[in-house]
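Read through the structure below, which is laid out as structure tokens, and then see the notes.
Going by the order they are written in, the chains are A, B and C; count residues from 1 in each one.
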Amino acid sequence: MPRIIELSTPGRGFTNITREVDRELSGSGLCHLFLQHTSASLILCENASPDVRIDLETLIQRIAPDGDPAYRHDDEGPDDMAAHFRTLVAGHELTIPVQNGRLLLGTWQGIFLWEHRAQPHRRRVVITQVPESA
Amino acid sequence: MPRIIELSTPGRGFTNITREVDRELSGSGLCHLFLQHTSASLILCENASPDVRIDLETLIQRIAPDGDPAYRHDDEGPDDMAAHFRTLVAGHELTIPVQNGRLLLGTWQGIFLWEHRAQPHRRRVVITQVPESA
Amino acid sequence: MPRIIELSTPGRGFTNITREVDRELSGSGLCHLFLQHTSASLILCENASPDVRIDLETLIQRIAPDGDPAYRHDDEGPDDMAAHFRTLVAGHELTIPVQNGRLLLGTWQGIFLWEHRAQPHRRRVVITQVPESA
């Protein structure tokens, strides 16, 4: 069965979830991570310098500004529509190769949950493992 | 064998294909949807408010404008190169967990085919299911 | 076991790797390509006109400019942070259906490694095949 992990976010920002994912794994094949939301992202990011994440935030705000006057959809505030477009651009799922129960990540790759909404949220990630071809 | 569904689009805009996909499924694991084109997208989108899709269209036009004077590639009109960049940004494939023949989507997630070209097109989606690890 | 292919890039630009991938495959199911880096991309692109790739480069530079004064992260030069955001937007993994050992690509789709850094690099792509459901 696919497993679901629930995570709390502190509002807009990044949470490194590499360890939470890694300990769910066994065998070899692919690990698929699926966020059941359209206003937060799952991304791989350089895990060394926090400045990279600050700059990602700066750049994405330019193309998905909060409270843009053109928005029709603002039911939940100025960050509502921005969050949907940020999710489209940054993605909401990852597939990562697994070998002997370990993620085959590059040295500098970490898995981050990127909360796009201003307020804290509970987020659900579905983890599915599939075996490699014989 | 992978199955292929062919869909007609009415030109630029969104078509909800969640039901067409859901009825192709059985068992548990992952469902992969692959669009065999570089000028249309498969996305997950908030399925409640149509305004979200209107705003996605507004935002993507800012970063992939039709008929930009810088384009070299305009063989098929002002929307040709814009469609390729829109596809790069919004994606052309989705992988979604499946449990007992049902997509494990979040409450507000729907699957949409997003036609980026101005004219109607026929689009081919390859659906592949893979089983979860034992 | 997942296989790893190592590729040399000539600095910023595109390398068509469709043939390198195709010859690694057998059977039917899905082929997953995973780049173990956060400053280069794997994309599907129109394979006929080189102008499309020139225009992709033009458009992505607008949203991920080199040497932007707002960047905090510039340890490795003006293209360092730009490369991370380009990777976020354009992606670093692909999943493609396979039938009888051949990629089920559309007529105009080719697989390209897109180097985002200015200097030549060695890049590692992890190839994993998974079987389709019975």
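General remarks:
Please note the rule applied: a residue touches a chain if its C-beta (ideal position, glycine included) is under 8 Å from a C-beta of that chain, and two chains touch if they have at least 3 such contacts.
Since the structure is predicted, the reported quantities are computational estimates derived from the model, not experimental observations.
Rotation angle relating chain A to chain B: 120°, from a CA superposition, given to the nearest 5.
The pairing of chain B with chain C is characterised as different-residue: of all residue numbers used at this interface, under half are used by both copies. The geometric centre of chain B is 20 Å away from that of chain C, both derived from CA atoms. Counting only residues that touch two or more partner chains, chain B has 29, 63, 89, 91, 95, 130-131. Looking at the complex, you find that chain B touches chain A at residues 28-30, 43-46, 49, 51-52, 54-56, 58-59, 62-63, 89-91, 94-97, 99, 104-109, 130-134. Those residues of chain B that touch chain C in the complex are listed here as 1-2, 26-27, 29, 32, 34-38, 63-64, 68, 70-73, 75, 81, 84-85, 88-89, 91-93, 95, 124, 126, 128-131.
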